[in-house]
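Multiple structures follow.
One chain, subunit A, links the two complexes that follow: it is found with subunit B in the first and with subunit C in the second.
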Partner chain A sequence: MDLKDKIVSSYVAFEDKVNLNSNVHEIRSKAFQNFEDLGFPTRKLEAWKYTSLNSVLSEDYSLFPSKEVSIDLADVKKYFIHDIDTYKVVFIDGKYSSFLSETTHEAFDVCLMSSALTKPKYKAVIENYFNKVAKQDNLTSLNTAFAKEGAYIYIPRNTEVEKPIQIINFTTGSEEATMLQPRNLIVAEQNAHVQIIERHQSLTSNAVLTNSVTEVFADRHATVDYYKIQNDEITASLVDNTYIEQQSESTVSVHTFSFGGKITRNNLNFYQKGEHINSILKGVTILEGKQHVDHHTLVHHIEPNCESHQDYKGIYDERSTGVFNGKVVVEKEAQKTNAYQQNNNVLVSDKATMNAKPQLEIFADDVRCSHGCTIGQLDDQALFYMQQRGIPLKEARALLMYAFANTVLESVKIPEVQNRITKIIAHKLGVNIGFDL
Partner chain B sequence: MLKVNNLVAEIDGKQILKGLNLEVKPGEVHAIMGPNGAGKSTLASVIAGKEDYEVTEGTIELEGEDISELAPEERAHEGIFLSFQYPVEIPGVTVTNFIKTAINETRKAKGLEDMPAKDMLNKIREKSNLLNIDRKFLSRSLNEGFSGGEKKRNEIFQMAMLEPKLAILDETDSGLDIDALKVVANGVNKLKSEDNAFIIITHYQRLLDYIIPDFVHVLHDGKIVKTGDASLALELEAKGYDWIKEELVS
Partner chain C sequence: MSKYTEDDLREELKTKEYEYGFYTDIESETFAKGLNEDVVRAISQKKNEPEWMTEWRLEAFRIWSEMEEPEWANVTYPKPDFQEIAYYSAPKKKPKLNSLDEVDPEMLATFEKLGISLEEQKRLANVAVDIVMDSVSVATTFKETLAEKGIIFMPISEAIQEHPELVKKYIGSVVPPTDNFYAALNSAVFSDGSFCYIPKGVKCPMELSTYFRINEGGTGQFERTLVVADEASYVSYLEGCTAPQRDENQLHAAVVELIAMDDAEIKYSTVQNWFPGDNEGKGGVFNFVTKRGLCETNAKISWTQVETGSAVTWKYPSCVLKGNNSVGEFYSIAVTNNFQQADTGTKMIHLGKNTKSTIISKGISAGKSQNSYRGLVQINSRAENARNFSQCDSLLMGNECGAHTFPYIEAKNKTAQIEHEATTSKIGEDQLFYCNQRGIDTEKAIALIVNGFSKEVLNKLPMEFAVEAQKLLEISLEGSVG
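Take a look at the complex of A and B:
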């Protein structure tokens, strides 16, 4: 039985465990129908031209891992940003771990989607926001059909959340192959401010496929800073579907650090529904082996006087492959839009591949839209210069790569996150230099 | 200190150095002059170990050891410094952090611990005072957006920090106005000692008004064809290089 059939036939069992007489389930059923019609994306679809999921879909995944597995904090501490105080919403094989988590309901809600989807207290928010900005494509529909658990974050107006919130999904390998479908909802009301760090981490070499959907709503003047750390095992694959809706004068930034995993697909979509909005999309990708990362970004400029800033840096070694598909749509009404897109790549090995595709659809006439895309090698003269000053070739290369990625790193607002990313980069490049640049 | 014996080097199959001999002793300043295309910058790059060049004959000895098979960083660790004609811009790496990394990598190669932060800071302060370098300059990205003069001054600053045995200044005077030239020359004169040596590669005589060489060599077609004292530089300035070519023919 192929994976689609397995998923489709499991739906009855899933429905046994949820309330069928809810609005949410109506949404699920519709999404299920949609997935049943569409199936998994193939390379025949333009949006999936450079990413084939075939090697990932052939595994016999356990769809609802049932074993309760507990893990010791000491074993997984390194995957947390642990040198600062944070809220934590942690899942082990898709199930909430109260032991590893630190949630709150005091001034704001940092808790579970499973509660939000079922308890009356959250009904209004769910009705207003759940599945409202998510696109109804193949994989998002699949996630929606099975939406049950994930992080639920609701920040009321004029509230600044001082501690960052970490959302971490561990897989323990208790099943030979595990498929997870976390569903997150983040709502920042007027003038609210929240920082989120997200990570998916497999703890064994058993296969993992995560199909994650996150919806973010930033109301007027809200600020959301979102950091995605992707440094998973080579047997773990991730499709991250993130949808962001912004109202006037809000600022949302998403930093995506892609350092690991087998196949990683980031579908990052911004919809600007007001004026004077700022959307920031940044990424550093460093790959080796046969790793594959595909960044698909969309910024939809709908109203006038808004900005978007995209800066993606990629370093590809060995046989790794990368894709950057950055689409910017500027509607006719969106005059005075300032949309900036930069995508620079370094191919360290001549076997590495990068496919870059900027897509600009501009219907307004008074806008500033720029895009730049480069694919190059490390500068030999710069390497010789550094070697001449006593820096060995390996370190010189690392320093050059780090400097290349630094335009993205320096915009990370949480120093501990910046520090952690720097350490991951140094480790990945096999050097032991400070990089405290 | 440095002994270059019958050096033959080529790039992409084209021979540039054709049997070059040069000996530099501690405390000496040597100037190498010559027309464009004579092989001046090639000599500098080959001594520093640039891998694009292939040494097909001869040896380069530093204090009696043949260094011609060493990687560029190993030669740097042995005490060779090359001031680049076109210093490379490295955005995202500050001058201070670059020089810290360079010093600590050199120490690591010698089996030493990293230099304590306090010592590093003191050294940076001492050398930047010596060369009249504004501290603000040190927190800028390496060479990014630097003027020609600033780039060359930064090279001299790095030289001061690394304290090489042998420093090669490749066309350090090119593109500098007279004030910048004086700053560079002044730096070299302050760093000169009985234990180190300098090779100054230049097309023009004017830098040699400020750094008085012990020897002046004329490089032509991949070989040193004439050697003299500082007065040879003045003669070259007045008469050009053609008379040497004529002298060679006759």
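Take a look at the complex of A and C:
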């Protein structure tokens, strides 16, 4: 039985466990229908031209891991940004772990999607925001159909969240293969500020497929700072769908650090629904082995006087493949738009592949839009220069690569995250230097 | 200073009808509409083609019947009904001529109106002109001069008769009938076109040019061009077009194949000014063209195009850089106005070592038009030290048009160096103000700025074309600045 049939036939079992008479379930049923019609994406779709999910979909996934597994904090501490105080929403095999988490309901809500979807207290917010900005495509519909658990973050107006919020999904490998459908909702009301760090981590080498959907709403003047750290096992795959809707004068930035995983597909979509909005999309990708990362971004400029900045850096070694498909759409009304898109790539090995498709669709005339895309290699002269001065080749290469990725790193606002990323990069490049020479 | 506002300009442009829209009344022999194997056979018979050519066409027809029309391009248009097209039309008085005096005077008048005076060109421009009027060549000039050098330049139908071994060897070798829907259609029903062969080590002494015209109402034009440059030879080929005004949409599905052998160089320039439809978007030519060149070792192919006409353009002149050290170039200006749609660009396929490609694409959109650049740069795993530079600039005039870029970049070799840049902008008010300040009126200023914007490409055109192209740009764009 292929995965789609398995999912379709298991929906009845899923319905047993949720309240069927809610608005949310109506949305789920519709999405389920949609997924049943569309199925999984294939390479015949333009958006999936360079990424095939076949190797991932062939596993026999367990859709609702039932075993309760507890894990020791000591074992997983390294996956947290543990040197600062943070709120934490932690899931183990898709289930909330109250032991590892630290949530709040005081000035704002950092809690669970499962309670938000069922408790009357959250009804208004859910009705206003749930599944509103998410695109109704195949994988998002699949997630919506099974949407049950995830992080729910609601920040009321004029509130600044004093410490970052970490959302971490662990998979323990209690089943041969696990499929997860986490669903997050983040609402920042007027003038709210919030910082979020997200991570998906598999703890064994059993196969994992995570199909995550996150919706972010930033109201007027709100600031959302989102960091995605992807450094998973080689047996874990991730489809990360993020949809962001921004109102006037809000700023949302998303940094995606992709260092691991088998197939990682990042669908990052920004919709600008007001004026003077700033959207920032940045990413560093460092791959090896047969890893595959596909960044698929969309910035939709709908109103005038907005900005967007994209900067994606990629380093590809061994047989890894990278994809960058960045799309900027500027509508007719969106005059005075400033849209920048930059994608630079370094191929380290002969077997590595990079496919890029930086796309512009522009319908307004008074705009400044530019994109640049390069694929190249490290500068031999620079390497020679450093070697002359006693820096070994390996370190010299690492330094150059680090400098290459640094334009993205320097805009990270949480120093501890910056440090962590720097360490991961050093580890990735096999050197033991701090890059602060 | 007279008050000549942008609105005036826009008004003037709107009322500016297609200047070259006229219809020559030459009795034509036209096939009944429709397409089936018999029609393909009949076309082949009509042209007195050898058996292998007929078979080749039939094979292409079979392939075509199983294909579906592509829909991925960023254009919308009513699908042509392929059974509503007449697939063959030839002027009835089929003159075999050696000099211009023998050409039908009415036809000569047509060319005169277009500003193509054969006499003048013959005398002044030193250009050999192979005129294709509704698919059959009626006049070939300078043939003798070329023959001295061993250069073969003739209608492809004649080449099939006279040089079957060359045609058989190369036709379909770069664009096989299986390539795409329109290439298959063309392969089945192509009526005529040009064939050019430059022997080893010969530098073609003059620019070769062909003027294509679509004339008969309801006739599809299916040109087939094959240019073979043998080792260490050089040729510059020019192609330009205008078409009479017509209400129903006309389909043009041409195939151009270029083969540059070791050390050879081919320069292929196009100025395309087919009827773009009136200012309500009615009528106009559908231009679905497959153009591709193959470069062997050290060879170079350079495509230059100025696209100002056609209601729908769908065209990607490409280079397959097969040999080591081969070079591919693509320089393009695509101008769209009113309701025109253009989806054009190039493909650079790097297979050999040290291959280089350059892409300069300038898109100018005005009115309610849509202008897309779609390009592919592919570096294969064995293409060591491949180098590509791409630049796509778009200029938008008015807020009802669109400019789009769809670049595909695929690198499979670490030594590849690829750069891609794209910008979108409009003519700045400060730029106009600067010109106005210095006594240059707005219209002239726009022409000046557009000219500067397009200069990199215009410079690549041969002299004769550069002048014509510049004029075309002005006609197509006057006053459409918002």
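Everything below uses one rule, namely that the second predicted complex is superposed on the first by the 436 of 437 C-alpha atoms of A that agree within 3 Å, B and C clash if a C-alpha of one lies under 4 Å from a C-alpha of the other, contacts with A are read in each partner's own complex, and residues count from 1 in each chain.
Following the convention adopted for this analysis, contacts are C-beta pairs under 8 Å (C-beta built on N, C-alpha and C of every residue); 3 or more make two chains touch, one makes a residue touch a chain.
Not measured: the values here are computed from a predicted model.
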- Task: Superpose on subunit A as described above, then tell me if subunit B and subunit C fit or clash.
- Result: fit
- Touching partner for A:392 - first (subunit B), second (subunit C), both, neither: first
- Report for A:411: first if it touches subunit B alone, second if subunit C alone, otherwise both or neither. neither
- Task: Considering only the touch criterion stated at the top, classify A:204 as touching first (subunit B), second (subunit C), both, or neither.
- Result: neither
- First (subunit B), second (subunit C), both or neither: which does A:381 touch? first
- subunit A: partner with more touched residues, subunit B or subunit C: C
- Message: Quick check on the superposed pair: does A:118 touch subunit B, subunit C, both, or neither? Answer first, second, both or neither.
- Response: neither
- Message: Taking the superposition on A as described, I'd like to know which of subunit B and subunit C A:403 touches: first, second, both or neither.
- Response: first
- Message: Contact-wise, after the overlay, does A:348 reach subunit B, subunit C, both or neither (first, second, both, neither)?
- Response: second
- In whole Å, how close do subunit B and subunit C get at the C-alpha level once superposed? 15
- Do any residues of subunit A touch both subunit B and subunit C, and if so, which are they? none
- Task: In the complex, go through subunit C and note every residue touching subunit A.
- Result: 72, 379, 381, 394, 396-426, 482
- Which residues of subunit A touch subunit B in their complex? 379-382, 384-393, 395-396, 399-400, 402-404, 406-407, 410, 433-434, 436-437
- Message: Applying the document's contact rule, which stretches of subunit A touch subunit C when the two form their complex?
- Response: 46, 332, 335, 345, 347-377
- Hey, which residues of subunit B end up touching subunit A in the complex? 48-52, 71-73, 75-77, 81-82, 84, 87-88, 90-94, 97-103, 105-106, 109, 158, 162
